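Okay, so subunit A shows up in both of these, paired with subunit B first and subunit C after.
After this line comes the complex of A and B, so read on.
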């Protein structure tokens, strides 16, 4: 009986380790937010100190909001991230369904081919992508970024979702076929709701690198109208002078939208898990 | 209204032939059961009839209409699955009504048919629930209800009882039998459980390794097995097979005698032997004997009997109930 219960000592160690990890993970975030609320001298004199009455300053935030179109940058980032996730999930799920559901020649090879993208970074193809975008007249558009990020998200989406879709009962799909559901209806109405937890996982994994990416916005869409938040923040980092207040404020602001998206998806994740627990 | 005709149906997965030419005729209103050991192709055959698997060759006719190129939804069938296969995100009512809705039936008609089916299966209190909130037996009743609502020409059951516990299995079995009587519909039922087959079927189809071994009523199969496979498969405990040579029969290869067709005596009889194990089941007593003539022999006596291990007994078979099988394992008449 006593074996089933975890000893307080053991659970204490587990919690200690988890708490330690939390501190390490949150430290840079907290440091960023704390320092974004101080004036420039205070940042350098005592980087770890909390803002006091004398050192408290919102100069960073006012600079950020005054200089450049930061609301616009946020909008660009959000559009690119949300639309890319949507397409990566949609096409990824469709491909995963085909791979897991239908028997056809070259099924395994196609699955492997689509999974190769996980191992080869898309940035290797930057030059070709840029040439392609120039030829298609898509440079300095959000479409260019969305296309690239969708492609970047697909391999992982297909890999994870096809594994999950294999676990959806064949009988259920067959019952749908007998009830006259089309293959699309079976996909959208029977299979997708059942793999929702996996979709949420994929969404989170896809979202973070897109939001944080600096590379493709810099190369494909550096124009003022299409700048993303990460690219927009670079204005304050100069070769000789860096406006740390503004950089830290911009980064602090950039955390929030992605945090909101994460909360939405993780809710789905938990709800999906509890709904799927019962047959 | 619901006949089925199969002509030399074959199905192969790659080089592996699962169905080796099945011919079968099912009349309207019949309850037909496919029975056989695992891997004999019975589920595959059901799926071919449903249209969920394509036959490699052969013809499937429902009501005289060739349906080999017809999608499952248009074949006029309904299927009940072993794992229930209810739509988890729909209520019981929507689960039962989806098929009709998909066919474009008016809402009032769907409501009426769902109400009728749920009345037959006493599912009314659960109509607003989701499958997750139901017990296993209730889920299986919803799955059966979903089939009834479609008013199909052909009901297909794929091992519907194997996920239920023993007591529930008997209840649901009764319910299916009752349903068949009241609907007078054609039903095809797959099981590996010979008790289900014997108790429910008008006609049993015994399958083995992708071929039909015998088709007949339960009593025909019991009394006149066509070969050693059917003899051994139908009836529990299993039929005793004795080398014909030991009994002085030169024509046959083996002789089969069911355990319940052997009389036992302590004084005299045909085969002298020793009891090696006894099973007391209350209604039956099952004895395992080692006899000088036949080797190991199973005997089933009705009621309680006081026999112990190492008792010396004499077994006498009922000559009229002996089955003689030839060198090809087929029965000799």
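After this line comes the complex of A and C, so read on.
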């Protein structure tokens, strides 16, 4: 049976509404990028116009690259994000495997304990986290951020990955055991490759809040050498409020890598959120 | 408490040799999670019961909370932040979630052209950082640049323009709406997924009974996605009562104008970390964090034990 078709009129309204909201969603970002490529007069005189030959200017970008150490900030963000995701995925997958594969005392309790962090934000422990990092001499190091973000990423990683690991066939694992594989080999060589799509989903999910976080860089690593790109642009833009070229260029520089990654991974991300519902 | 669980499995476990690999698999995650997340959380709760007396950290019971709730210097700030936080949450529930549901409902129309494009575009702001979003909107709403007055002029509403972010009466609403703009993608996606999971047979049965269009949405689809709406609500709740970044970026640590946009997250930051002339106060910071913890815990418990269990789930 075919579905009742919606009338062309209604479908027109739907497209109008969706396209309208799409414009609202995209406009601010487009406006920022377009204006970052114009000179100061053009930014104010014709904010909506595309840059022309006369109004095109990269003055904002040169100011930003001269004044702020954006490359350094990028490096910090990249190191923190990649290393945290690596450990959250590795440790998370190991724990998820133990929880889903073996029956042992307190399995359920441990699962619940590790799930607390899905709902209770790690920020609430900041007072004691800072105290601990001061005691350990880790303030103003990327290690402090990596530790915090690994812990932050673990609960969701364990939760999602253990769901997926339950679907890996027992026969396969038992065949491995009969062939004399150790439990470690079964995990690393049989199970891990099979849950790779789930790992990618968790990685994308974990990445966004880490890359975008302002709170922990501000509190744990505000030093110039350890600033992440989020904190770096926050401080930089705060200083250059009146230099519109620089502000718009800094914003565009901060948007650009995220936008490129999003265009590449949006399918993965959206499929992850909708967990297989998108056909 | 766990002894009942322990005895249940102990018979089988004792028969086997020690399985060290289980420990090896669990230990790294357990250690990092406990050391960086759970113990600091407990320590923060404990610190809220202590304060510095004569240079010594001393147990003071609930005295910090008495100061926070009742002493003039603190109470005004605290209650205002709490009230603002509830308004912030209410605006999200009233604007973001219905908007998310509406967008999801439109996107889930079968064989809609360009659906993937709309979906990708509307979700885009969600992946941007609060810092970027905050500054972009600060520029757009700025009377200096004049983008907003220009657009309001097009529809003849220029007279209604005012620098909303700078006025105590409208700043909180403006900031909340910026946050809605950024986060509407999350409810949209989760409800979209729930709508797609409704089996075709249910929709076909409804169509056979002549229920289509609006009434199909209200009578068939919406009741079926209620669990997803509950999920979205609790995510919104937790996110809002722990928000900080956007307000810090747009309005600064003082959450101006005149504290009109101060919420618990910014109050915690100023109290604990100090700002300008105000010195950081660890004990009071811990007390505010404890209040935030209790609010979030209350919300999550209400959801898990009150709402999630009562919402009727349909098995397909």
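By our rule, the second predicted complex is superposed on the first by the 205 of 279 C-alpha atoms of A that agree within 3 Å, B and C clash if a C-alpha of one lies under 4 Å from a C-alpha of the other, contacts with A are read in each partner's own complex, and residues count from 1 in each chain.
Going forward, contacts are C-beta pairs under 8 Å (C-beta built on N, C-alpha and C of every residue); 3 or more make two chains touch, one makes a residue touch a chain.
All of these numbers come straight from a predicted model, not from anything done at the bench.
Which holds for A:9: it touches subunit B only (first), subunit C only (second), both, or neither?
neither
Any idea whether subunit B or subunit C touches more of subunit A?
Touched residues of subunit A are more numerous for C.
One more residue to check, A:71. First (subunit B), second (subunit C), both or neither?
Neither partner.
With both complexes superposed on chain A, which partner does A:194 reach: first (subunit B), second (subunit C), both or neither?
first
Touching A:174, do we find subunit B (first), subunit C (second), both, or neither?
Once the two structures are laid over each other on A, A:174 reaches subunit B alone.
Could you tell me which stretches of subunit A are touched by subunit B in one complex and by subunit C in the other?
The overlap between the subunit B and subunit C interfaces on subunit A comprises residues 275, 278-279.
Under the stated contact criterion, what part of subunit A meets subunit B in this complex?
169, 171-172, 174-181, 189-190, 193-194, 275, 278-279
So in the complex, which bits of subunit C are touching subunit A?
On the subunit C side, the touching residues are 2, 5-6, 9-10, 12-13, 19, 21-22, 24-26, 28-30, 32-33, 35-44, 47, 102-103, 106-107, 109-110, 112-114, 117-133, 135-137, 139-140, 145-147, 150, 181, 189-190, 192-194, 196-197, 203-204, 207, 212-213, 234, 238, 242, 244-245, 248-249, 265, 268-269, 272-273, 282, 285-286, 289, 292-293, 296-297, 300.
Once bound in the complex, which stretches of subunit B touch subunit A?
47, 50, 52, 71-74, 77-79, 81-89, 98-99, 102-103, 131-132, 146, 150, 158
Quick one: in the complex, what on subunit A touches subunit C?
Counting only subunit A, the residues touching subunit C are 1, 3-4, 6, 10-11, 14-15, 17-19, 21-22, 24-26, 28-29, 31-32, 43-44, 47-48, 87, 90-92, 94-95, 97-99, 102-110, 113-114, 116-117, 119-129, 131-132, 147-148, 150-152, 154-155, 158, 182-184, 187, 208, 211-215, 218-219, 230, 233-234, 237, 244, 247-248, 251, 254-255, 258-259, 262, 266, 269-270, 273-275, 277-279.
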